[in-house]
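Below are two complexes that have chain A in common, paired first with chain B and then with chain C.
On to the complex of A and B.
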């Protein structure tokens, strides 16, 4: 029984990859939807069981195939990995459930099978990146995730999508190339690809090779920073996230930019370790870029006219918080970076899906045209409001918890000035989210001819969104439990 | 291609190219080659057939949705076999196939069946990529109605 539970991480990757290629064999759209929902629920349930097992028994290492560690591939499953795995599966399940009611309005009906194939491949590769304990295996999964992510952007077949996907493909390939170069540098020093072996070899051979180690660290930071939308490297993100169909945007924003961050954290603390890391400037660089992202992402978001573009720039700002937490370099900062990954994933999925349903029901795109939307679609705007309150950082919502603890962590590390950056960034968040809510509920000039509840969708189509927002509030309410759980498996 | 010399000679050569591709796939675990190399030879033979005999004759012979179905089934089978290997290695189950006599064709456990499946996928994917560059889109390749 215990062995079967330990098989779950590998099994969830295998099941998703297998059924990704069963989908093109199906003839009817209905069967595609049913199969994907059944498989996704199955994978989510087994990951839930796995998290419970990890919470009771702690983490373990899993050898894939017949060869043990230095030669074969190892998966490292701890509290952080299993939690993030469950989060990814759950959000993907909710997004697929939502897309059951709305996908056909955005993409051609003969593309629906392809969309689900790509989505399963994407989720499998992201789970692989999260679970892996072998950097080259992580690189392979990174490449698969890049190609699948391009696929779910370009599945809409419009001019803007093709342009955004090519931009993403080029920049992301550059990122993968840099990661590969970093792996080559690390391999030339240590002669290993498995994280724990590299770590031991680096500790022994670090004398006189500090510049080489620094170069490889910078390569990893920049390469994974491109994929994770670190501030000056985020330029692909707004185009890709705003032009994609809204289920794809939710997946891209909630999952695809998060997995490289987990990989980056693993590279920092499992490959290099605290002693090598604290002797370099890399963490200060990450902190600086995170701060820039928090401020400038919000400023750019304020100046956008399209709703989805604004939410996409807000992602840049929120990724800034995550890099801020990593860059602080202490335990609380790292825990809060991972907690913010969870908080932002749930919240941003909610925001993108509700924005997608505004656009779908009204046909408008710009923020000005959504004045008075609260009269027509009160429930959806309510969900949008709750999630934006979390983004701004109102107490009990997860956004507040992570901002509060990030402030605590920056005091702990003696960088008091960073508190002002946190406050300024929160205020900027409020500046661009509140006008939409206030104009949505109380906007006077656009209300002529609008009928109460006229464009509301049936409750059953809103159910995934409601579940997501309930989970978001729960993640805020039970934050103590989640933070304690992450803290048990944190790498420092 | 209009020249009848090229057409006849190529059609004469194609079976040999394909047999060589199949040989490279089947003996992948004993000699240089394997699923990818043999599959690319097979795919090249399909592309050659298309260039010489024209797209309409080829489309009638190799229908896209059959090819897609072949490739997807091969991938699913590959996943099942490899998943069985991973799971049985972890759970310590007995290997059902066994290793066979080293050096003979039927040896090497799961390597030959996996090579055959990879060869199928690679051949079909090469052919699809060539068609994509020629026509821009695979018409009626998707099964969803």
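On to the complex of A and C.
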């Protein structure tokens, strides 16, 4: 039984990869939807079982194909990896469920099978990045995820999408190239690719090679920073996220930019380790860029006219929080970075999907045109409101928990001035989310000519959104439990 | 069971809100009746949970050490919860009449009832986190009330209100973060949570207190964070009255009392010597509020600026850090609530009956709306601080507190501002009672004459004399029938006026009640 459970991470990846290539064989769209939903539910459920197992028994290493570590590929499954794995599967399930009702309105119907193939490939590669204990294996999965992500952007073949996809492809390939160079540097020093072996070799051979180590670290930081939308490297994100169909945007924002960050954290703490890391400026750099991202991401979001672009820029700001947590370099900061990955993934999926429903039902795109939407689609705007409240940091919602604990972490590391950044950033969030809600629900001029509930979607199509928002609230309410769980498996 | 009794006052309005919001459950014609039932029932529940319930504290939801929803009842809770529940009922009856001609009354009553739950939550909070959560919710619930009319002006005022409030809340949370990082607890304790000051970094304490004071000060209309308050005047009168009297500004004041005496403690604040940075803000608030009120022509705006100045008194009382000052502050919190709600109701009655909103329009109205204006005058007298009204009592205690703090400057400020108060409130009554409509019309015409070219002067004079004669006739015909509003509006005003005088003659009822707060605080 235990051995079976330990197969789950590998099995999830394999099942997804396998069925990714079964989907194109199906002729009817209905079958595609049914098969994908069944498979996704199955993967989510086994991942849930896996998380429960990990919670009870702790983490383990898994040799793929029974080769021992220096030669074979090893998966490292701990609390963080299993939790993030479950999160990815769950969000992907919700997004697919949502797309069951709306995807055809956004992309051509002969592309639907294609979309699902790419989505499965993408999720499999993201899970691979999260689970792996081998940096080269991680690189391979990174490349797969880049290509699959390009695919789900360009699946809606408008001009803007192709442009955005090419931009993403170029920048992301650059990122992958940098990561590969980083791996080469590390390999030249240590002669290993498996994280724990590299770590041991680096500790032994560190004398006189500080510059090499620093260069490789910066290569990893910048390379994965591009994929994770670190502030000045985020330029591909708004185009890609806003032009893609809404389910793709949700996946891109909630999952695709998160996996490289988990990988980055693993590289920092499992490959280099705290002692080497604390001797360099890399973390300060990450912190600085995180701060810039928090402020400028919000400022850019504020000046956007299109709703989805605004949400995309808000992602840049939220990624800033995650880098902020990593950059603080203490345990609480790192835990909160991972907690914020969870919080932001759920919240942003909610925001993108509800924004997608507005666009789908009305055909509008800009924020001004959504005045009075609250009368036409009260429930959807309600979900949007709850998610925005989390972004702004109203107590009990996960956004607040992140902010509070990040503040505690920065006080702990003696950087009190950073509190002002946190406060300023949450205030900026309020400035651009509230007008949408207020104009949506209130205002005499806004509501004239709007018919109550006229554009409401049937409840069953809203169910995935409602579940996502409930999970979001629960993630805030049970934050103590989640933080404790992450803390058990954190790498410091 | 005891737990349920304690939570009921916080839950019943929310249930009521949910029912009101649905058209299918409560029909349009039953909304007002239902609201009054909910409010009365809740008043009884508040009484039960405050006085008849042995359980005084309750952890509802402990997620983390800090994320702990915790309710606690002490004397300060009782003061604030009682004040809010009573004034809410009076406002509701006033609103039933006032809102008859407004749009979207259902939305109004929904948020009106919801806000009560939030205000009671503020009162019942047992730690800073719960208080903060309710404080944020308060902004969100009152926003729809502020922008109720839905006009462009209302929306922009609402936006201003929102931004100011959130900026304030951000400052509060900044202070809370620092406080929590140095103490590890945020529960309200009598005399504060600091046992031994030497263990803590005093700079951080100082910084944390200043951040929280300014943050909560936004809702308490501390200058320079006050400008949302006059703008929020676009709301319907019952809302303005509530915003000023209890709902918003007083929750700011209440929170300030909480942090000053129940989190930091008077002795700590004295020891870290932080008031010197805050007193200038407060003094400016007192003086500037009055000065700005002096030259407002819009009735509600004048009252709004007056609120700013009066809130300055309360903050001054809080910062005196002695028992008399605190009694004065809390008394003035209650008295100003009663007085200001009376003034707003009167002004609302005027605009409801005559659609007159400016002071220059109301000349002579005193004879047509005698009861309204008599109440208005009594409330003004009280706000200036003339015995035997309640305003005198609170100002007396503030004065004694200033003397205890050995600061004659405070007394000077108090007297100066009382003088200004008289300066901006009495002219309204004087205009209403003693300037008669005819004279005023002539004055206006006289002004018109200066502008008009001389050639047409003679013609003009004849026309205006005709005109004023006509006005005289209509005025006479109106004067015969009184314009006082219907009992639904009038009775709350009269009751409040009676309370004003009653509390002035028998202040000991309240002062004895406040004894418990003082015992906790010092």
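Assume the second predicted complex is superposed on the first by the 491 of 492 C-alpha atoms of A that agree within 3 Å, B and C clash if a C-alpha of one lies under 4 Å from a C-alpha of the other, contacts with A are read in each partner's own complex, and residues count from 1 in each chain.
Here is the rule we use: a contact is a pair of C-beta atoms (placed from the backbone, for glycine too) under 8 Å apart; a residue touches a chain by one contact, two chains touch by 3 or more.
This structure is a prediction, so every number in the text was calculated from the model and none was measured.
Contact with chain B, but none with chain C, is seen for A:63 once the two complexes are overlaid on the shared chain.
Contacts of A:426 after superposition on the shared chain: chain C is touched, whereas chain B is not. After overlaying the two complexes on the shared chain, residue contacts for A:404 are found with chain C alone; chain B is out of touch.
In the superposition on chain A, A:109 contacts chain B only, with no contact to chain C.
In the superposition on chain A, contact of A:7 is made with chain B only, not with chain C. Of the two partner chains placed around the shared chain by superposition, neither chain B nor chain C is touched by A:285. When chain A is checked against chain B and against chain C, the one touching more of its residues turns out to be C.
No residue of chain A lies in contact with both chain B in one complex and chain C in the other. Residue ranges of chain A in contact with chain C, taken from their complex: 389, 392-396, 401, 403-404, 407-408, 411-412, 416, 419-420, 423-424, 426-427, 430-431, 434-435, 438-439, 441-447, 477-480, 483.
On the chain C side of its complex with chain A, the touching residues are 61, 63-64, 66-67, 103, 129, 132-133, 136-137, 140, 143-144, 147, 149-152, 154-155, 158-159, 162-163, 166-167, 170-171, 173-174, 177-178, 180-181. On the chain A side of its complex with chain B, the touching residues are 3, 6-7, 10-11, 14, 17-18, 21-22, 24-29, 32, 62-66, 109-114. On the side of chain B, the complex with chain A involves touching residues 68-69, 72-73, 75-76, 79-80, 82-83, 85-87, 89-91, 142-145.
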